[in-house]
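Mind looking over this structure? Questions follow.
Chains here go by letter, A, B, C and D, matching the order in which they are written, and residues are numbered from 1 within each.
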């Protein structure tokens, strides 16, 4: 199974009691309490954790003051991940669209402006390229994480 | 004492005011927008009234609806919290006209300080230094452009009716002024109902230091020492501390005196805050006065051992300031820091929404948590992103920083992204630890250090879910996963 | 600073010490009996070592096992908490012989004060008043009986090696003495390993007032003001407050001086507590000295803005007392109350066990919670019933009482019965509110007032479970149950 | 269904949306949040509550600083309830048994002594009567709530 979270993706297999991650065996112990995972021990270091399930294919994991979602990587998820800055960073309304499909763009150029709660946020090109798709028009409502523009 | 109090707000401040009301034997009565019906603050009230459907403008910002709620509830007083209608003279007047106690300053003082341009003039007249900038004579874009050339860049465009950094923007080149003015006017119109703006010289790396003030009906005005508010992101405070490392006793006294003088100049009654900028040569300038309780009021409460909401209510009901305050007997003890936990991306500061799956705040010595949410709460982008405030008190600044770090590390939050990692980075940063920092601290922060948690921890946590333990079964022992080699996933 | 610290304890105090250790950058290392492997305190440590199976005598009270854990862990210091081995000179010596820092007083001071009979003699010699009673010359039952006749009834039988009320019993008729002695000796033997007992005159309605003291290696000893500990059930404290309403500045100074003198007489270093009884004519008597951190130390921390565990560690490592303490500059601020939440029947005081289904402590201004449990924790009768301590701080006594009531009302505890209703009754009682109360307060409490919650609420809560909502479905509206008539079930 | 808790027992029936308790209709609203009961409103007064299920026939209910177990009253439970003071107040060991079946006892008389964690607790007769059964002997372990002695 391929897992992904924030900065990394890893191939993970459970082989009996051993976890093989990206082809390497990993030594860790998991301590449960009342059926809930409360500690992970790796190389003798103990990390208190909290875990809650998020749907069927993901979990939210807390450790040392931060939370992360760890999910099964699907092809579509990986594709969206690659889109990077072009996902809607927040739910909001499209205030302005500055580019059309086929337009060449340079890194940093404003492609679209989103507004939510009186805050505006410019969607900028993460790299040079050509716009292959503009998914929303002015006045459209978008959900957080929705792909807005595709650049190839 | 009054039997009941309407709290015309939501979130952590509504809960905080309700707690003091309960302690005073006053029934806290709440309000809520329909989209907020399930909110934590609603259940902290004895009773709560719906303000109907709609955005804030039609609910928490609707004077007629709140007045109606106050009537129906039969309360004897209204506390506005901060934000929303807390600095609305019209709301204050409507409450008073109903014969209720308004837990806030006189409407006239709100108006005088609410118009930032008028306030600047008033302060100048009272002999209090203000940041050089435009005055009421420069109203249209043309006059402002002339004034801008005179002030020089960088400068700030500010909403005259605004506050809290909303609608403020920096202009680095004079040719950018027209666009900045247009943008500021648009935001100001939406947020404050007025598009008047003014200009101020941009001070390089100022410190943002404010003084808590309190006045009573008998003409006494005192200050309750300072709060250092220079840790900001996008002109909004995310961490405050007291005392400020930038003040010595002499400067503290001079600024405190100016703060009390500013409040006295407008006949202030109740709790207010006078904000100053302090430049690198230790000149201070009046910035604005907030005529309400401040988000960061708890750090003053902690070092002085006071309950400012209790004092607000007592003074609104006609009591005089306590003799100890007037006699200059107050002495802050220890060091307090407040950290604002926002539902937002810790890097881009964009608001985040979702449902808090787990929300378990820290506990123990020197820890206070004022929260507006709990496990299970829904967080929307409709309102301010502030979820909770952590306030730490310790014998000295260093111990307070260490305590804050410990507390943040304990805080379990799952389901909604927060700025907690940013707060951790601030607490670890060299300028903050040294005490020598200014409002540019957050921009200057070094990128996050290498993740201290091996990726394998995240994977292990998630994996373990795929082998769930039968309900009721409680394994007492760690489960060894038998190979014992180290591993760190590539990023 | 030392890199790591063994915390030879469990429950809330282990967690509390771990928090300060973390704040100081010291790794907290824990221990646990196997039956405690799932306990909350274990997870608050960086690492934790098993002390094996068995009762406390074979685990938390086993010097060899704890010394072994300290060796294996490679710690540089040991903090004993309170209870267990905190007043064991043998343990202190073993720790020191290992070359580790002992976060406690010198073993000699523990011994001198641990033998209550010797301590009484020592205090008499130092000119400090003690409660009239038997001395070391009366050892056997016969000599004690003669002495009892001399002292008169009522009198108290106490364990010489004891403390905290364990093994103490009151004798109202001289003919009951033999049985009381036998019982006290039996309990003392089990609890303290010595069956030596002594007699003390029973003071009618005394107040129990103690002073926090601190000494350093350089011979300085100071007191950190008093704690009023008269609210007791079965000779064990359940609520403490500071300042005490019974002391005026003059009496406070006299008792504080005596407390520091008592500590000085035994060459005291570190944190200790000198307990006094105060009779109705305001005479005070040395009762005993606890040579460790006290359960109720947080109220001193709150009013003085200190971290006593941090100070303990600093002093054990060789630092001097802070100059401000020695200069008499400390001034308590506000009023603090601690309430002990015990897993016990609120009427019979019998211990309760079970699993905490919900445990959600209160939050907000002036609230500190030091807990040793969380939701899901198992509570056994094997150990002390203390689950958590609530500490409130407010500007004055009245506000502190109101704050404590508010906090108790917020505290959600389900699954294990606690003394919370008893604490509520104390806070509501006239003697407590007036400040004029003594150690008989709990016995004299009026029976619980009529239940303020209609029985229908309990039924409604339970009934609603029988119509469960589908998972994920979140009804936004109250569900009306259509008839609208009042109802109160007969009791 | 018969419910009991602490000081009361009540006959409760759910009839559509109406609850009939001991023959009387009761007006209350229940507010849920995330599927959990959070408030009960009775006669216009709102009581914040928390409820957790305890097995299939009982619930723990918290309100206003105290928790109560509310359970379906069964015949045996009612019988045990009637036993009153004669249930073990805590888990422990029987240290002493002072009476035998058939012995007459007077109110307040010590019947048995239990010990747990160095604390002793005397089990006393709640009323005058005759011992009909002694359920445990010296040294026996007893659970909290176990019936120790029956007096008729």
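Quick note on the criterion: contacts are C-beta pairs under 8 Å (C-beta built on N, C-alpha and C of every residue); 3 or more make two chains touch, one makes a residue touch a chain.
None of the values given here were measured: they were computed from a predicted structure.
Engineer: Report which of A-B and A-C is connected by more C-beta pairs in contact.
Structural biologist: The comparison resolves to A-B.
Engineer: In angstrom, rounded to a whole number, how far apart do the mean CA points of subunit C and subunit D lie?
Structural biologist: For subunit C versus subunit D, the centre distance works out to 30 Å.
Engineer: Any idea how many Å lie between the Cα centroids of subunit A and subunit C?
Structural biologist: 49
Engineer: Taking each chain's centre as the mean position of its Cα atoms, how many Å separate subunit A from subunit D?
Structural biologist: 52
Engineer: Enumerate the residues of subunit A that touch no fewer than two other chains.
Structural biologist: 33-34, 39
Engineer: Could you check subunit C for residues that touch two or more other chains and list them?
Structural biologist: As it turns out, subunit C has residues touching two or more other chains at 38, 409, 474.
Engineer: Can you give me every chain pair that touches, using the contact definition above?
Structural biologist: The set of touching chain pairs is A-B, A-C, B-C, B-D, C-D.
Engineer: Show me the residue ranges of subunit C that touch subunit D in the complex, using the header's touch definition.
Structural biologist: That would be residues 166, 187, 190-191, 345, 348, 350-353, 357-358, 360, 381-383, 408-415, 417, 420-421, 424, 451-475, 478-487, 489-491 of subunit C.
Engineer: Tell me, which parts of subunit B touch subunit D in their complex?
Structural biologist: Contact set of subunit B toward subunit D: 38, 43, 46-47, 376.
Engineer: Which positions of subunit D touch subunit B when the two form their complex?
Structural biologist: Its residues touching subunit B are 33-34, 36, 38-39, 46, 48.
Engineer: Considering the complex alone, what residue numbers of subunit A touch subunit B?
Structural biologist: Touch residues, subunit A against subunit B: 3, 5, 7-8, 10, 12, 14, 16-19, 21-22, 24-35, 37, 39-43, 47, 49-54, 58-68, 70, 89-92, 116-119, 121, 144.
Engineer: Under the touch definition given earlier, write down the residues of subunit B that touch subunit C in their complex.
Structural biologist: The touching residues are 15-16, 19-20, 22-25, 34, 37-38, 298, 301, 304-307, 309-310, 331, 333-334, 361, 363-371, 393-395, 399, 402-403, 405-406, 409, 474, 476-477.
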